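So that you can tell them apart, the chains are marked A, B and C in the order they are listed, and the count of residues begins at 1 in each.
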């Protein structure tokens, strides 16, 4: 039995009954946008109402990419022979004939646009909007945010591992955000059936240069680092500093400064994914020059990540031995996230699966 | 049982006992030319007599491409170790030894050069020169012709479909030769066992800008559009206009102007083909400046075709669902041509094929 | 049963229990160097002692290429999470944890550096240093040498064939070192279980331009051309001229001039190899300008070889017929070398191999 994706749940390594980020709001203007998501070709476009439609990016006639076509009102026209499709995938017009066969239909995908992200539901079941990650801070007027997107030529789980692993900072980011030698991981891991996270507090230490300048700190600070994975592939990161004694470890951050970041990874093909990142801050609000500096720092850092995970991908593709990976203590959070994802895929298997291979 | 191509007739999607266009006369001068035709590597060269020879482009010794070698009189020399082959594929000299083994032989292919095209026979049976498409107009001194060639990265049947389909003109050629919205296809389709064609007459309408200028028309015209597919993969197109009442629908074109075009598609690999086009006209004869304008217009148009069929090819290669195509009324001629081709392949199957799969 | 390479001896076309050239001494300075050898990814680096270490270029944790990492003393650090490996492949440090699991280990390869070449032993058995080809002349102070390396996109046996074949000179090297038509091969072939070679003497002929100038010859010379293949894939070439009557055919080269060359080919992937060449001379010693001219001539010649063997490789990859090669008299030495190599592979098969296919 095959799932809605055409692959069986046995061979897929992504759950389908989930929301994935398809694009940033800022990426989708008047032109249709083509994206490969969960090994499916998708065209996204804005209707006259500015709502977003998502369809299979393949005309049922001769498989032309609709994303090369024109948006006409709420509909999209095939660039090859002009077949016109509604946002639900219904064919409305076939210029060369009067009859529209019932099979002249393509799949549409539920879409939700929230907090600057366009989310797509890849499953066959009814979408559950409550599963969309809460990123309200990204559009919070009390915060100022920067964001960016990269296509990474690696498996999406490898990109996700990287987001959940802070043991690579001293090496991959040696010349950007890393410190010479990270402390052995003293992290407090928590989690449940469909999430996992960790917290690290660094108490009574000098502030980082960025935090000292942003917060005007002249004394030691308590620093927090909270990382939260939420299914299927989003990581929320809450970092900040506050003066020692101001009560931050007890929950009072009022005298501190903070950054609220997220990274969400969307499976593409077996060796590509999309990486969307976003960082909001509660200091230097509205300071465009500072935003540019911060955006540049983030991009430099993520390009370091991209370089290493793509080198790993190439190395794996050339690997004729293919031995199993050796897991380390620093992988604990990433491995729990992978188990959560594996569980989601498992739940998508048919209950009465045939016992015959 | 395998055919002469090494593929079985069950898996091939091109007939072999046919003539295919290998090159234009103008493409083959003193240097050998390498072409992939029906998944076979072919070298073409001109003998001292200027006749064309066609051989497997692979020395039997170490498989070097003869097309990198030198033509010496009627023969061609391997660039690697100097083995010399005659136009029939017989080895005439092996510089490093005295004896020439009987197996030092490569396959030669029958070639006919007619009307500016070099035709190659890919089958194992005796070639039938009467099957070569008649394109006498291309070298008719009463006409002036332009021509061009493109390698297209798509399956040859997709390129052929495109030639036989005029329902894409309003979309693919929106900015070149297309009109805003084509009329529902009012075409008269005719055909037989090994050909199919259609005719469209547009009566009593204003002339197109090109036709008006070329024919000096100041009144409405009757326009004709005759398309004729001939096996295995050539399309002849006869278009023109004449003043209303001059008798063109009844067969008298003497007061009109006409263009005689052809497109012939040669299978390359599974995802490449060669497209040869030619257009002769009976007006502005010998006007080189006009020829250049017309050639440019044709090339612009064909690049639009190439862009869309290559986008379709890429989309198909990425398509994990691979649903069957939905056929439309506008595909009627292309589908009949595909059935004729399928019939040609079927006829090449051995009569007493084994019943075992 | 699989060999140390992971491929079975039935499918491998290179022996493993052998030394292969991994790099020139001059290629390996402070930075690690990545090479694909016998389908294995290898990182080479110099320890503090300047000795060379060779390891699998893949961290056991997440398969990152160690060649992107830093050399620290005798050890190499993974660029991803800082795992530190000794020259024997033992993990010495995992920054994010205290314990080092016993499986945190990668394969190291024996290395010997001799006469400007870095040799690697790809087998599982104890390396036998006596098998390293003797190239003492390359660092002989009485000689002056030039050298170079090329990655060739062809199967390594095809590159080796080319080194052992002088019947291609008149064709591939028509414009460089070839003469218009080579004499039918009058060569004296000798060989044994693990070597093959041939000798050609050209007696009492005018000297070549290079030899005449280098040796100051004003009369006819006797010329020698000795080619010696030694397992697994090195060819030693000894060429020179001496005045007629000076006793060279009898063994007295004292009045002649000579060049001592070698080419060694290292298997990479199924369609790539590394080619290392070296030429020492006993004339114009220390003449840097002459060395540059000679190096340039050699490179021009080898690029001609590279062009043809890569064209052959591409032609083979496109060949749907795949008929067996036709062997010629000029292939005798190359074929004996291939049989020696096949014998080496055969000997690596398990003695009690299962009789079941």
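Throughout what follows, contacts are C-beta pairs under 8 Å (C-beta built on N, C-alpha and C of every residue); 3 or more make two chains touch, one makes a residue touch a chain.
Model, not experiment: these values are computed from the prediction.
Asks: Tell me the shape of the graph of touching chains, choosing from line, ring, star, complete and other.
Replies: Basically all the chains touch each other, so complete.
Asks: Taking all residue numbers used at the chain A/chain C interface, answer same if over half belong to both copies and different if under half do.
Replies: different
Asks: Measuring from the mean C-alpha position of chain A to the mean C-alpha position of chain C, what distance in angstrom results?
Replies: Going by mean C-alpha positions, chain A sits 48 Å from chain C.
Asks: At which residue positions does chain A touch at least two other chains?
Replies: Residues of chain A never touch two or more of the other chains.
Asks: What part of chain B is in contact with chain A in the complex they form?
Replies: 158, 161, 165, 167-168, 170-172, 181-182, 184-185, 308, 311-312, 315-316, 318-321, 323, 325-330
Asks: Could you pull out which chain B residues touch chain C in their complex?
Replies: 5-7, 36, 39-41, 57-58, 60-65, 68-69, 77-82, 94-99, 101, 103-104, 269
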